[in-house]
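Each of the next two complexes has chain A plus one more chain, namely chain B in the first and chain C in the second.
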Partner chain A sequence: MNLDYSAEYLSFQEEVRGFLAREWPLKAEEAQLPREDQASLFRLRATKQGYLYRGIPVRYGGSEQAADPLKARIISQEFSRVGAPRELERNGAGRLVPTLLQWGSDWQKEHFVPPAIRGEHIWCQGYSEPGAGSDLASLRTRAELVGDQWVINGQKIWTTRAHLADHMFMLVRTEPDKPGREGLSYLLVPMKQPGIEVRRLRQVTGDASFNEVFFTDAKAPADWIVGERGQGWEVSRTTLKFERDQMGGPEQGLDLFRKIVGLAKRTTRNGVRAIEDPEVRQWLVALEGHVMSSYWSGQYQFSLGAKGESAGVLDYTGKFLTMHVIGLEAARIAQELIGDDALLLAQVTGAKAPLGNERWVNHNLGSLAANMGGGTSNIQRNIIAERGLGLPRDA
Partner chain B sequence: MRYTWSEEQRLLRDTVERYVIENLGFAARRDKPQTPRAAWRDMASLGLLGVAFDERYGGGGGSPLDTVLVMEAFGRGPVVEPYVSTVVLGGGVLRHAGDEALKAELIPKLIAGDTLFSFAYAEPRSRFNLANVELRAQTVGNGYELSGQKIVVYGGPEADVLFVSARTAGDTRDRDGISLFMVPADAAGVSRQDYQTMDGLTASEIAFDRVRVPAEAIVGEPGGALPTIERVIDDAIVAVCAEAVGAMSALNERCVEYCKTRVAFGQPISKFQVVQHRLVDMHVAYEQVAALTLRAALALDQDPVSRGRAVAAAKVQLGQDAVFVGKNGVQLHGAIGMTEDLDVGHFFKRITMINSLFGPVEHQLRRYRELRGHNEGAARGH
Partner chain C sequence: MDFDLSDTQKALYSSVRRFFETEAPPSRLLKIYDRDEGLDRDLWRKSADLGLAGLIVPEEHGGAGLELLDLAVVTDAMGYCAAPGPLLGHALVGMALSLGGSEEQKARWLPRLASGEVVASLAISEHGERWQPDQWTAVATAGRLTASKKNVLFAADADLFLVGLAGGGLALVEQGAPGLTVREVDGIDRTRRLGALGFVDTPCELLPEGLAVAERIRDAALVLLAADAYGGAHRSVELMTNYANERVQFGRTIGHFQGVKHQIADAAAEVEPARQLVWYAAYTFDHRPDEAPRLAALAKAHLTDRYVNTTRTMVLLHGGIGYTWEFHCQFWLKRAMFDRTFLGSPSVHRERAAAMADWQIN
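And then the complex of A and B:
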């Protein structure tokens, strides 16, 4: 078995590197544009070149390339290496779009995919409810078809960016007489309407990025349902799978590792640069071991995918490794490295703590949040046990 | 001892716990915000500021165990008052280095809640090495002039009086040549940059620019302050370990309760064995930190090597086990554990911060290793 790239792919890699050397960072007056605009401009060019949004038809704003997981991977590695903007990852482009491409009507695709990948629509994900988190299928927010509209009543919670979003994709109960997941449908809903109230929730990190969302006779057009009535569970699995892959993407581990090495180079420990301290090097090497194993298992998984073979349990272990092992260990090392800076949140007057190291404190807290985001680690383990290892359900 | 507290200690613990829950704990603070220093006055009138000081100065005449009791109760709050900075650190300098006259003058003011103290010992390049002192004190006339920088001075914004470690002789990392100075917080040439810390407490960066103090501002033996500094920091480590023990116990109780009531997949999550086992591991973790904290408190008055080993061991255990409890406390609550409105995340933050305070695991491990070598063959009974 050979996990390295073949000649064909090596030359593709060269081509991508050449493109990046020419196009990123932007030059001359383009380099003066606001960051977001620079990123959008670059994304358009990279899409035209066939590097981004490869699975999306040209008529929806994508580059419509033949599916080739290895090429996709090379692109993502090379872009990550030079810090070039990659595809938008948030709810819209990252989660809704793949779901629509698989399940959506032509009208839905035309209407929602292009603005999502250009970042013009902001989407939020309305799954969790106060009484339904890990056990999502028990959710109770309901939608009833009245004339040509869905009428929605109930409550969602922990909805990230709902306060900014103009659209939500959500799971609702439309078939009250069917049990559990069979009664659910996947709906798209406009957020700015009288029937929807968003209340912000503060996180211990000081962020106020998640929300409660209340629905009182909120409306959505009848044809904004994705898939059939009662098919919502199946449809939503697509979104969750993309969420898991994103959170578990091996590039994330590499990015994090690079950042933490940077931190070790910047900080002093016992009078020398931390990166020269044997103990620190030992931790970093151990962490790099995890990052590399996650990377190469990703590589293996992709090569299986390229041949159309199933990756089995590996499919589920990516997020687990990245979040649970790499994320938490990186947080621990960061905590040791920054020492006293770990304690400072922000200046009482003025905005920044020394060195910006407080970012790592938030990483520490954030790594806990990420552990829950796409399903808690217990639930990830349950999935691996049941689907991967064929074990019976616990109770 | 924790297993056989005396009647007075039991009473003290119950009083403090009740007071903390009703007035200073997370829920109390969330529901009725307090005016600055109001809580401090209450704590003074309850005698909490004086438990560890000699009766001669109006204190409770207690042992290190009384501080452990109070701090455990604070941990269950969690409390965000500058108790460690004023009472344990500032008060520690007074207790261990002050002469009779200074103690008689200042300890009663501390106990009454009139004067707040803080201890400025850490520097930008010191990284938990207490001997690494660059801030210079030069003799000028019959006094001194202090120039240099201190960082993360806990309780700095609230302090009226600062104790400052300064070099009066020798090189940056020499153990000899360090002295302690008492400096009014508003002295000319002292400038502060105040921070809010992660866990809701405060700290300052303080620059000393040719700050003039008289010769009498030296506290303790000139040039020989390091052993005092080490002792004071060890007192403080035990205090925050006890605080973490309190936080762990409260968090574990919250988790057991929550897991019994939170339903997923048609049953309380406490019925899932992974959840049960996690709760058991968290309880075991708590017991281990509690045991070593108590042992460290009892070792505080022993010789520096035995003391240092016991204290470092407690801090290492804390770094491993308290952080485990903190993280899992949040995880078991799911997303609600991440919210500002629930105390769970605040316990986690405090525990995380305590882990860093006075040197995290790796630092304490190294210290333990060094002291262990030091003590080889000494055949002490532990």
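And then the complex of A and C:
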């Protein structure tokens, strides 16, 4: 066990720090550009330097570096330290791109990967349906190949950012004769077309970032299928695995814990600063036990990954620990700390982000959503038990 | 940069686990629970032959000169087996002598501690949950000690006691010394016997170094209890999984039922990642001493809480059989109860961790 970097990596760390000192934040007139444009410009330069999109070939807009988890880790830590933009993590760059790199045709990679990692195309994910949530394999939206086009009919739901998206990647039933998951294919679909209607859904926060999407003879070109017909389930597993990984990152719990501690310093309880209240201190350190476990087991998994070894059950516990155990308890503590502000609804739509403690009300509500995306907590428990511990599948 | 056990540490873990699985299987543990046998000298000698008694004793004094992380790996494996014996207190007395003993004391005691010829034990706990060095009240005057200590591991069998004194001082007292009385109690975990010591004008020998060493061995003890707790909690998750894969009700193994499956998944999700918290706490003890006291407190509180929760769930999941004296669940259930309370309960160490946190300062 050794937590220090070797000379080679220390000098790489220096190199990254030097780059960041020169390139972020942007200077002179570039600093006047809109935030998003500044981030894009910086990402292009960091990619050219070999720091971002390292696993993606140059011809698809990546920097095509040899796999080196330690370097990737140093980059991520250094970029995060100075608040420099990192790789886009949304549906396109974070989920579709890894899937295309594994399953896509050359044509698809050339056409879809570069604009996705530049953030020029916004993608949404079309999996859940009104009758197919946790039981995703029972989905019913269908696509039929008519001439050189897929014709799609049905409905998707809980589709985040569908109202903004240029494209959707979706699971759709193309083989009506085959049962369950064997009948599914993974299709890419342009969103701006007459056959698609997007209806906003309001969430309990009052915000509306997810949608229902209705397909009535919507069209997609025949070669916008990823993988073979009937292979959609397998292809989609790549995407879901990425989603689980993104949602259980080891730093996430640590960031949240620091915010809760900050809140406890600013609020009062029983007439003293909340951070001095004995009960609050017990809660915080109890939470920190989970947070530090999550963080250090993440470091361990990272070390194993660098050696190409599997972490066993830890490969499946990350999201549940972060979102369920840590996320829900952090939300409970925050709710206690903000006192009567917990009676306020912090509406965010169309307004500036709330400035007062009521922002924690949104966090509290949002901690529930975090336990649904990428598979509900109960589905995570099934995965831990079945894949991690070898208990039998229920169905 | 590699946050993983070395191949040597992995091999150490496997061999210790194999040793206790062979030498102290549940059938043997039940005999220990059933009969008042005291220290199993034969098992102790065999484990000493394996090198366990002197693992962290410096090489020049006949030990293996390893670090706390190595001992934590051993303790993890022993927790897995609910292994009986006095190693916890014994190893810590060796550490105290190595860190704070005079050259004469080291030369006199360490080789015999390392070989296991002398069994040592810690006598620090006092009435009123006084476990921490700054709470000790025992006073030695002119080499004589009048005091009482409780919760001493293998008090009747140990040859040498390290006694905690007011202000964090440490003194050696030999078994059989004048004025020393030993009273055994029936402890919750019979694989780790407990007794109380009374000292009346008993001769003792001070270690030259006091408080800093006392706090250091307390921190080491907390890490080792956390490692033991992880080992036992990990075993409990395994035992639950095995039982769920065997036990048939309603025509199928109960592992098919989500109510059962989810209980086990919840335990695994809380327990398994916590092993790396133990490793990190041990690593800071060895390499980042500024962080070590806080991490030790955090790890002990966190792991022993997980252990108690997990073993209680384990008994519930087994139903009636899990609540019987003959069935093996009780060895881990009671070991968890021991680990939780020994050296101070989770709430004590959480408050200590809070007091040492950087959020305390800014």
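As a convention for this text, the second predicted complex is superposed on the first by the 347 of 395 C-alpha atoms of A that agree within 3 Å, B and C clash if a C-alpha of one lies under 4 Å from a C-alpha of the other, contacts with A are read in each partner's own complex, and residues count from 1 in each chain.
Definition applied: a contact is a pair of C-beta atoms (placed from the backbone, for glycine too) under 8 Å apart; a residue touches a chain by one contact, two chains touch by 3 or more.
Because the structure is a prediction, the values reported are computed rather than measured.
In the superposition on chain A, contact of A:161 is made with neither chain B nor chain C.
When both complexes are overlaid on chain A, the residue A:293 reaches chain C alone and has no touch with chain B.
Look at A:202: by the touch rule set out above, it reaches chain B but stays clear of chain C. When both complexes are overlaid on chain A, the residue A:392 reaches chain C alone and has no touch with chain B. When the two structures are aligned on the shared chain, A:282 is found in touch with chain C, with no touch to chain B. In the superposition on chain A, A:266 contacts neither chain B nor chain C. Look at A:378: by the touch rule set out above, it reaches both chain B and chain C.
Shared contact residues of chain A, touching chain B in one structure and chain C in the other: 378, 381, 394. Those residues of chain C whose C-beta lies close enough to touch chain A in the complex are 1-6, 9, 69, 237, 241, 244-245, 253, 255-258, 261-262, 264-266, 268-270, 272-277, 279-280, 283, 287, 295, 298-299, 301-302, 305, 346-347, 350-351, 353-354, 357, 359.
Listed in rising order, the residues of chain A touching chain C in the complex are 1-6, 9, 70, 261, 264-265, 275, 278, 281-282, 284-286, 288-290, 292-294, 296-297, 299-300, 302-304, 306-307, 313-314, 317-318, 320-321, 324-325, 378, 380-382, 384-386, 388-392, 394. Contact residues of chain B toward chain A in the complex are 122, 125, 127-129, 151-152, 157, 173, 193-199, 202-203, 205, 263-267, 271-275, 327, 330-331, 334-335, 338-341, 345-346, 348-349, 352-353, 355-357, 360-362. Across the complex, chain B is touched by residues 128, 131, 133-135, 138, 157-158, 201-206, 210, 268-271, 279, 328, 335-336, 339-340, 342-349, 353-354, 361, 364-365, 368-369, 371-372, 376-378, 381, 394-395 of chain A.
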